[in-house]
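Okay, so chain A shows up in both of these, paired with chain B first and chain C after.
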Partner chain A sequence: MNTNRTMLSIKVIFILFLIALPLIVRDQYWIHIIDIIGIYSILSLGLNILVGFTGQLSLGHAAFFGISAYTSAILAIRLHFPFLICILAAVVVSAFFGLILSYPCLRLKGIYLAITTIGFGQIMYTVFVEWRGLTHGPMGLTGIPSPKIGNIVFDNSTYYYYIILLCFLLALLVALRINNSHIGRSMKSIRDDEMAAETCGVDIARYKMIGFVISAAFAGMSGSLYAHYLNFISPDSFTFDFSTQMLIMILIGGVGSIPGSVIGAIVVTFIPEILRDFKMYQMVIYGAILVLILIFLPDGLSQIFRNIPSKLGLNKLLKNTNTLAGKDNS
Partner chain B sequence: MIKINTILEIKEICKNFAGLKALTNVNIKIERREIRGIIGPNGSGKTTLFNIMSGIYLPNGGGIYLNKGNIVGLRPDVINKRGIARTFQNIKIFSKMTILENIMVAVGSKQPVSFFSTILQTKKANKWENEIMQESETILTSLKLWDYRNSLAGSLPYGKQRILEIARAWSTNPTILLLDEPGAGMNRQEKKELIAVITTLNKKGITIVLVEHDMKLVMELTQQISVLDSGELIAEGTPREISNNQKVIEAYLGKEKTA
Partner chain C sequence: MISILIQQLVGGLAIGSMYALVSLGIALIWAAMKVVNWAQGEFVMVGAYIGLTVYVYWQLPFILALIVSALIIFVLAALIEKFAVTPVRKYGDLSLLMITIGVAILVKQLAIIIWSPIGEVFPSVFGNKPIVIGDIYIVPEKIVIFFIGLGFMVILYLFLFRTKVGKGMRAVSQSRDIAAIMGVNVTTIEILAFGIAGALGALGGVLLAPLMYVEPAMGTYVGIKGFVGAVLGGFGSLPGAALGGLLLGIIESIAAAFLPSGFKEAVAFIILIVILLVKPSGLFSKKSN
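Let's look at the complex of A and B:
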């Protein structure tokens, strides 16, 4: 009972902190960085469900991000659909592509899966560049409208922050519920040992498919947020480089860890910003930092945070959330 | 003819691997609630037979009839839902998950609730989660693994990992349990525990098929033994009959050469 109350207060404090964040930071530039972190967090949460939970490597995730950004942008520019419809459509379309990609990937493993997902990413990139009638090719799409609710136009970083926050909390809730349910457990069993999972009655095709669809849907949400935030998109944002950057986020944060997904997004966005003063050495130092993190914390930065509760004597609390159903058995 | 209390019939099963005959016309009938031993030298096809029975391999010919229904060609998870669960020669536990989660995966796979009711945490989904939790607790308690529930499965001592694997197979509520060398690498104390677990499960009405190299364990546990050699069934009978069977002795020790 006590632990439940503590958990609830931690959650409330966390949400209140996030709501108050723009008031604490104030500087528009840093709020902009936080917005980008929010968008990337949703993306890496989704990728972690596929890679970290289900154990299926995807090197073409930028494609989903791109598909949804274009879907949302085109619906808004050409058909003048309101933001809510655009983002919903982006999620659905992206999830649908996730479903399509999942079919050839069901029986693939390791390098073959990696190459298939790279192939998917490259195909979509080519479509973004070449289908000029729809995407304006390399010029990209400009004038994507900012979201509008009533008379409020969410056209600055602070206002937009709250839209991102809402979407982020929704994505976090879904990810947590997947993690703490039979879906998450079945996914992880596939990651740990596919053959054993199968013989335990786990329908591996079903859960792999759910992994692909959910992670594409998350990418869809963030892609749409991205398009309406920057008001401009071009194929350059959806390259193979960006797919690897997403993977770096979850590697740095912690593969299969929900807090890790967010930590990874923070690190990958923040560090290059902090290193801006180093100019031409910026990327060298950034790369070195990433390598050092992976050498000393192979399970990602979330490893550090995992050890903190035990040091503070909050073990019981953590176990309670881990064993779900909120049951305190000790 | 299938006898009234035959639960599983392996009929004319053949399996080739690129020309190598792993199994040739194997016929075995397993009675309800028995503990059946399957023995044979290395490479005789025991594990291949298990892989066919659990749906991992497709045989080149023959059928496997569970309660008279052929299960050949079904997916492993479907075969599991029909009532066959198994363990592996090289332990296959979900090593990065806790003991409790290992069991919960198996318990929960029986009747998966739809994705949306899980995300929306509907009454049905919550009820099912609670049931999974309770059933897993019962299973872990009865096998004395409850105290370890929050440790990662990979961190368990070897013998406990074996027991966990059996517990996980049991959690899927099988009528037949296939155990592939459960005693391999266990010390005497662990083997004692293993025998107790297998006997308990058998008393609960589960038919057990056991591939094992430790003859003492096989003799102690089984009522009937089938012997495979080079993919063929060479003998069947009670442990006593088998230990005196000339063909079996030859298969294990080789024929005496005449000068």
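Let's look at the complex of A and C:
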């Protein structure tokens, strides 16, 4: 009872803090960074459901991000659909592609799976570049309208922050629900030992498929938010390098950890900003930091946060953070 | 029609034999140590840049460019194995894949600083004046490059099957533990495998340079091609990787003649996915999945 109440108050404080964040930060530039972190967090939460929970590697996730960004943008520009319909359509289309990709992937493991997802990413990238009639090719699509509800146009970082926050909380809720449900447990059993899971009656094909679809749907939400936020998209944003960046997010944060997904998104977005003063050495230092984190913190940064409470003697809290981090039944 | 096909076939063989060298490097590392080396493409890129420096900037003979490039990348790859890959091996496959991706990012960014972010043209080495036979135009350079690539593959074969170290490497690929019991120095073999794979990539890079643009992005581009080649051939099988790389080069080259140029990327992957659907463990693998 007491723990429940503590958890509830932590959640309420967390949400209030997020709502008040633009009032605390105020600087438009940093709010912009926070918006990007929000969009990436949704993305890495989705990828973590596929990679972290289900254990299926995807190196082509930028494709889903791109598919949904283009879907949303084209619907808004060509057909003048309102934002809400665009984002819903983007999620559905992206999830549908997730379903399609899951078919060849059900039979594949390890490197074969990785190369197939890379192939999917490259094929979609080629489509973005070459289908000029629809996507304007390498020039990209400009003039994607900002969301509008009534008379309010969400065209600056602060207003848009609240749309992202709403979507982020929705994504977080879904991810937490999956984590604590039979779906999440089935997924993790597949990750840990496919044969054992099958012996226990887990329908492997079904849950792998669910993993791909949900993961793609998350990427879909994120991609649509991205397109309507920047008002401009081009194929350059949806390359193989971006797919690896997404994987780096969940690896830095912690594979299979929900707070880890968010931490990863924060770190991957913040490090280049902090290193801005190093100019041309910026990306080299970024690469070096990545390699060092991978060598010295194999379970990601969420590992540190898990260790802090025990060091401070807060054992009661430890159990809760473990539940949050999804480490109780893995 | 036929003449275009033959021209494209020759071009495909040249590019394909270079893809094959890259695929061989990837397959060699996988066979010897069960590591998926994502940085292989970056070895190719840095190799090509070193070739450019030696051959174009310093005006030294091309053979020297090949040797210097292969040696430097051999050392670089061995160092990466020792200081980045080995410490992560105990954390599992995903961490291993990611460390090689991290190293790839680092190497690519260093290359951008050392050379430049903008691409450079590598001049033709073996002559690019086409020989005309009937209505077929054949660039001699492509044929020479194909045969040099083939030569390196023969050398690799001789190394693996005729030398003691090569035998040790094959033993490690069959069973790490038993090879160790039999007195094979597994640590050295693994460092060597990485180094040789890197050198193969570098040679591929220097030879690819006259056929394409030398730029930092070519690492990712050629790396992915190398992977497709290795997977086509059944991952980890060396003859498979060589054939897979060649096949990919030919398919791409022929597709480029009949489709808008941008789609040749997609064609290679569509074929790959179809093949994996039918035979999930690659074309030339003996074990079924």
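Just so it is clear, the second predicted complex is superposed on the first by the 310 of 330 C-alpha atoms of A that agree within 3 Å, B and C clash if a C-alpha of one lies under 4 Å from a C-alpha of the other, contacts with A are read in each partner's own complex, and residues count from 1 in each chain.
Throughout what follows, a contact is a pair of C-beta atoms (placed from the backbone, for glycine too) under 8 Å apart; a residue touches a chain by one contact, two chains touch by 3 or more.
Computed from a predicted structure; not experimentally measured.
*Asks:* Just to be sure I read the superposition right, which of the two partners does A:288 touch: chain B = first, chain C = second, or both, or neither?
*Replies:* second
*Asks:* After superposition on the shared chain, which partner residues are touched by A:203: those of chain B (first), chain C (second), both, or neither?
*Replies:* A:203: touches chain B, not chain C.
*Asks:* Is A:57 in contact with chain B, with chain C, with both, or with neither (first, second, both, neither)?
*Replies:* Only chain C is touched by A:57; chain B is not.
*Asks:* Examine A:110 and indicate which partner it touches, taking first as chain B and second as chain C; both and neither are also allowed.
*Replies:* In the superposition, A:110 touches chain C alone.
*Asks:* Under the stated touch criterion, which partner chain does A:271 make contact with: chain B (first), chain C (second), both, or neither?
*Replies:* Neither partner.
*Asks:* Would you check which partner chain A:126 touches, where first means chain B only, second means chain C only, and both and neither mean what they say?
*Replies:* second
*Asks:* Which of the residues in chain A end up touching chain B in this complex?
*Replies:* Residue list for chain A touching chain B: 174, 177-178, 181-183, 185-186, 188-189, 191-193, 195-204, 206, 210, 256, 319, 322-325, 327, 329.
*Asks:* Show me the residue ranges of chain C that touch chain A in the complex, using the header's touch definition.
*Replies:* These residues of chain C touch chain A: 30, 36, 84, 87-88, 91-95, 97-99, 101-103, 105-106, 108-110, 112-113, 220, 224, 227-228, 231, 235, 260, 262-263, 265-266, 269-270, 272-273, 276-277, 280-282, 289.
*Asks:* Can you check the complex and tell me which residues of chain B touch chain A?
*Replies:* Per the touch definition, chain B meets chain A at residues 54-56, 75-77, 80-81, 85-86, 88, 92-98, 100-102, 104-106, 108-110, 112-113, 115, 118-119, 121, 125, 128-130, 132-133, 137, 149-150, 168-169, 171-172.
*Asks:* Could you list, by residue number, the parts of chain A that touch chain C in their complex?
*Replies:* Against chain C, the touching part of chain A is residues 51, 57, 104, 107-112, 114-116, 118-120, 122-123, 125-127, 129-130, 240-241, 244, 247-248, 251, 255, 280-281, 283-284, 286-288, 290-291, 294-295, 298.
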